[in-house]
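Order of writing sets the labels: A, B and C. Residues in every chain begin at 1.
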Amino acid sequence: MAKETNKPKIAFFDFACCEGCQLQVANLGETLVDLLGAVDLVEFREVMSEKWDKDYDVVFIEGSIGDHHAEERLKKIRERAKVLVAYGSCAALGGVNGMKNGFNIDEIRKYVYGDKYSYFDSTPTKAVDQVVKVDYYIYGCPVYLPEVVEVIKCILRGVQYSVPDKPVCAECKLNENGCLYDKGVVCLGPWTKAGCNSWCPNNGNICYGCRGLVSNPAKNAANDIIQKYNINDKIKDLGQDLMKKKLEMYNKAKEVINEPKK
Amino acid sequence: MSIKTENKLEVKESNWVYRKGKITATRMMTNTEKWFEIELSDGELGHEPGQFVQVEIFGVGEAPISICSSPTKKGRFELTVRNTGKVTEQIHRLSQGSDIYIRGPFGRPFPVKQMFGSDILFVAGGLGIAPLRSLINYVMDNRRDFGKVDILLGCKNPKEMLFSEDIEKWSKRMDINFACTVDRGDPDWKGNVGLITTLIPGVTLNTEQTYAVVVGPPVMYKFVIAELLKKNLSEKRIVLSLERHMKCGMGKCGHCQIDSPKNYYCCKDGPIFMYDEVKDSKKL
Amino acid sequence: MKYHILDKKNLDSFIKSLARRMKVVGPVKKSGKNYVFKEVKTADEMSLKYIPTILPPKKYLMPEREKILDLKFESDGIKEEAFIENEKIAIFGVHTCDLSGIQCLNIVFNDKPVDKNFLMRKENVFIVGLECNSYCDEYASCGLVNSYMPNGGFDLFFTDLGDKFIINVNTQDGEELVESLKLPPATPKEMSELDKLRDEKRKIFKNEINVDPHKIPQMFDKVYESKLWEEVGNKCLSCGNCTNVCPTCYCFDVDEKISLDMSSSERIRSWDSCQFETFAKVAGGENFRKERGLRQRHRVYRKFKFPQDKYNRFFCTGCGRCSRTCMAGINLKDILVKVAEESKI
């Protein structure tokens, strides 16, 4: 597969993640065939054993960064990559691994690794852009394939991709879904970046906020929403706190550590 | 363009089709501004000073760009493009000989006929010189139709000065008064240093017969207009070219609507406005 | 004006014969209080006692995503094709508020330069109105904007008279359909039943907020700088629900979708919203409506002030969708009451 051609050399790497976003690539179906016609896949642990020893044109990084070794490995990949894509919520946001950041790191290590915890390195979860410069972001847990294809087209032409900066509700409404708040459940759509075509609400599920917050989230809205909808009393008492906790499921890593690397 | 299936209907004379042209010359003017000269395959652009075109990069999108040449220049027109977004970044990659596709010209032009016989004070800041140049050169080519002409130019630093050849010419002409300034000078800079507003007190204005044509960023409008009003120039004699997010060019898509109690679309009712029309808008 | 009668038990055969001629869409229950316009083949798929659908029927005249140009990259340049993909469609059961909405869009898209895509789609739509004999719910304000009575904009208009519909025929197309189905003309008795129902309706539908609609444009002249907009803005989520569901909102974005092999591309027009953060932002970074309050003010002025100045009518149809759908509880009627109070007119 990894023969010398003029086509861009593409590689996938994974860090702390479930590898589900890479698996999504296999779900591309016919588009995958078109895609493989346009690029050379030179490294992709899930589907091939070959390694590439030259520079990469594009690398897709899946997963968040959770120990010193991972940071060093990521920096080395960055040095060899012309374009780096944070692929999936763990890479782009920190994702669910960010929940670790809500605890004392040593307590968490003890809980997971027992009394030999000191042999196992662990650092607060970082998104990829908290370690190296990121050129393209693909959010989602898992990534939304039509968006992946759009981003790849942008990369191949050297065009910027703008992640939609409006709430999921905008797409949900166009899909004519009944509002989930009508059913008395708490949905994170109003604060979460669109671009997934309201994938979860279309299937009757709430938005879990996997694509991260819009750039200017409505801070005061939670109480207004609770007031309008008949959200059940137990939840009502928790109010904004509950919404905040739900948001932390995917967004915790971004809240603690510094700005993206330029 | 035939109808392929029963459900597919041709849109005749669609507003969305492009005019094709060729780039006949380009030049990098600064690190971020590139100048293009374009010849359309269907003849003259047919614009008036102050109008703009939508430049299309296929597969990426369009960007509204003001026309910086005067219609008195025949056969070809000119654009100056600042690299500031994903479309303009791609426009910068075009070179001499490239095909280019545009829609337009769009928008209300400068009220040239209304200005015949009047004195004109041009005030341009930064990239504002681009749309203003279409009028300045028009006035130069029809110099006799106008009264006294003053040109005041300003930009951040000498490296960002656009149209240096034009500036050279204007500064040598005896039939106009020309002054320019930079916010911050450099060792080679011999001219004025200071904000453009500092040049205004030195201009003598006959307020009854002068039009001030001001083009620049929002912050410049605020201070320049205040200076002009201080000199008792009427709000109806201050002409502006506003920048907004112009998308369709037809007064429909809504993006460029001015934030004002009046109903103005910048792409259709502007980009040229008289100050009294848009003064309610908080940010010009 | 011609009136015909359709027995309710024959509604199904009416829909079926319409469906033989063209695609028929009608109000269908989705979940809870949510209804949507979608394709139907029979009458019983529809809910004719419905509150305004999630999206108004504008989706058939100005689709959420619509291809405006097909581009092919060939060696000698770019080939363009402009066409619409469209089929003959009947929208059944359109309330008077939504008829009014379609009329507003028709005004805007007839402004020069005309929007050919809209006008071509309009030619292919057969519209069957349906009268509301009483209010749908507390969000409606069709009394205020006077849109609760039929006022053109349909081919046929159905009014429920108990066990039958009385059908007002407004166009030649409508006439031909009614003739072909051999629907009997309305009797004088049935005509007087309709008159009686309309008289009753005038008692039911009242100005919901006690604000004189003729004075509303003047009021908006006074409240442009009001604190009210900031208060509304503080609640707003900028989700664009209010504009997406509005039957008279028509702002759009244009983007491009290129094929993976880069040999062709489509220019696509899609609905946009003045409530989105990036709507009025220019490439250089300046955002001309950065604050939510300014964006909400802009939306309301686009309903009650600008179209009054330009077309002498409101671009609010009283359907209540924006208030019904707002998760933060922003209510248009409340805003109008406050505008009236503050303007002191």
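FYI, a residue touches a chain if its C-beta (ideal position, glycine included) is under 8 Å from a C-beta of that chain, and two chains touch if they have at least 3 such contacts.
Note that the coordinates shown come from a computational prediction; the quantities given were computed from them, not determined experimentally.
**Q** Find out how few touching-chain steps suffice to connect chain A with chain C.
**A** The fewest steps needed to get from chain A to chain C is 1.
**Q** As a test of whether you follow the contact definition, which chain pair has the most C-beta contact pairs?
**A** Top-ranked chain pair by contacting C-beta pairs: B-C.
**Q** Return the chain whose centre of C-alpha atoms lies at maximal distance from the corresponding centre of chain A.
**A** B
**Q** Please identify the chain lying most centrally, where each chain is represented by the average of its Cα atoms.
**A** C
**Q** Return the distance between the CA-based centres of chain A and chain C, expressed in whole Å.
**A** Centre-to-centre distance between chain A and chain C: 37 Å.
**Q** Just the number, please: Cα centre separation of chain A and chain B in whole Å.
**A** 42
**Q** What's the distance between the Cα centroids of chain B and chain C, rounded to whole Å?
**A** 38
**Q** What are the residue numbers in chain B that touch two or more other chains?
**A** In chain B, the residues touching two or more other chains are 59-60.
**Q** Can you list the chain A residues in contact with two or more other chains?
**A** Touching at least two other chains: 153, 157.
**Q** Can you list every residue of chain C that touches 2 or more other chains, as numbers and ranges?
**A** Touching at least two other chains: 258, 262.
**Q** How about chain B: which of its residues touch chain A in the complex?
**A** Listed in rising order, the residues of chain B that touch chain A are 59-60, 86, 89-90.
**Q** List the residues on chain A that touch chain C in their complex, please.
**A** 31, 34-35, 37-38, 149-150, 152-153, 156-157, 165-167, 169-170, 173-174, 176-179, 181-183, 189-191, 214-216, 218, 220-221, 224-225, 227-229
**Q** Which residues of chain B touch chain C once you look at their complex with the stated criterion?
**A** Listed in rising order, the residues of chain B that touch chain C are 1, 3, 6-18, 20, 58-63, 82, 84-85, 87-88, 99, 101, 217-218, 243-245, 247-248, 250-259, 261-263, 280, 283.
**Q** So in the complex, which bits of chain A are touching chain B?
**A** Within the complex, chain A touches chain B at residues 153, 157, 159-160, 162.
**Q** Using the touch rule from the top, collect the residues of chain C that touch chain A in their complex.
**A** Checking each residue of chain C against chain A gives 30-34, 36, 53-55, 64, 234-241, 244-245, 257-258, 260-262, 271, 273, 276-278, 292, 325-329.
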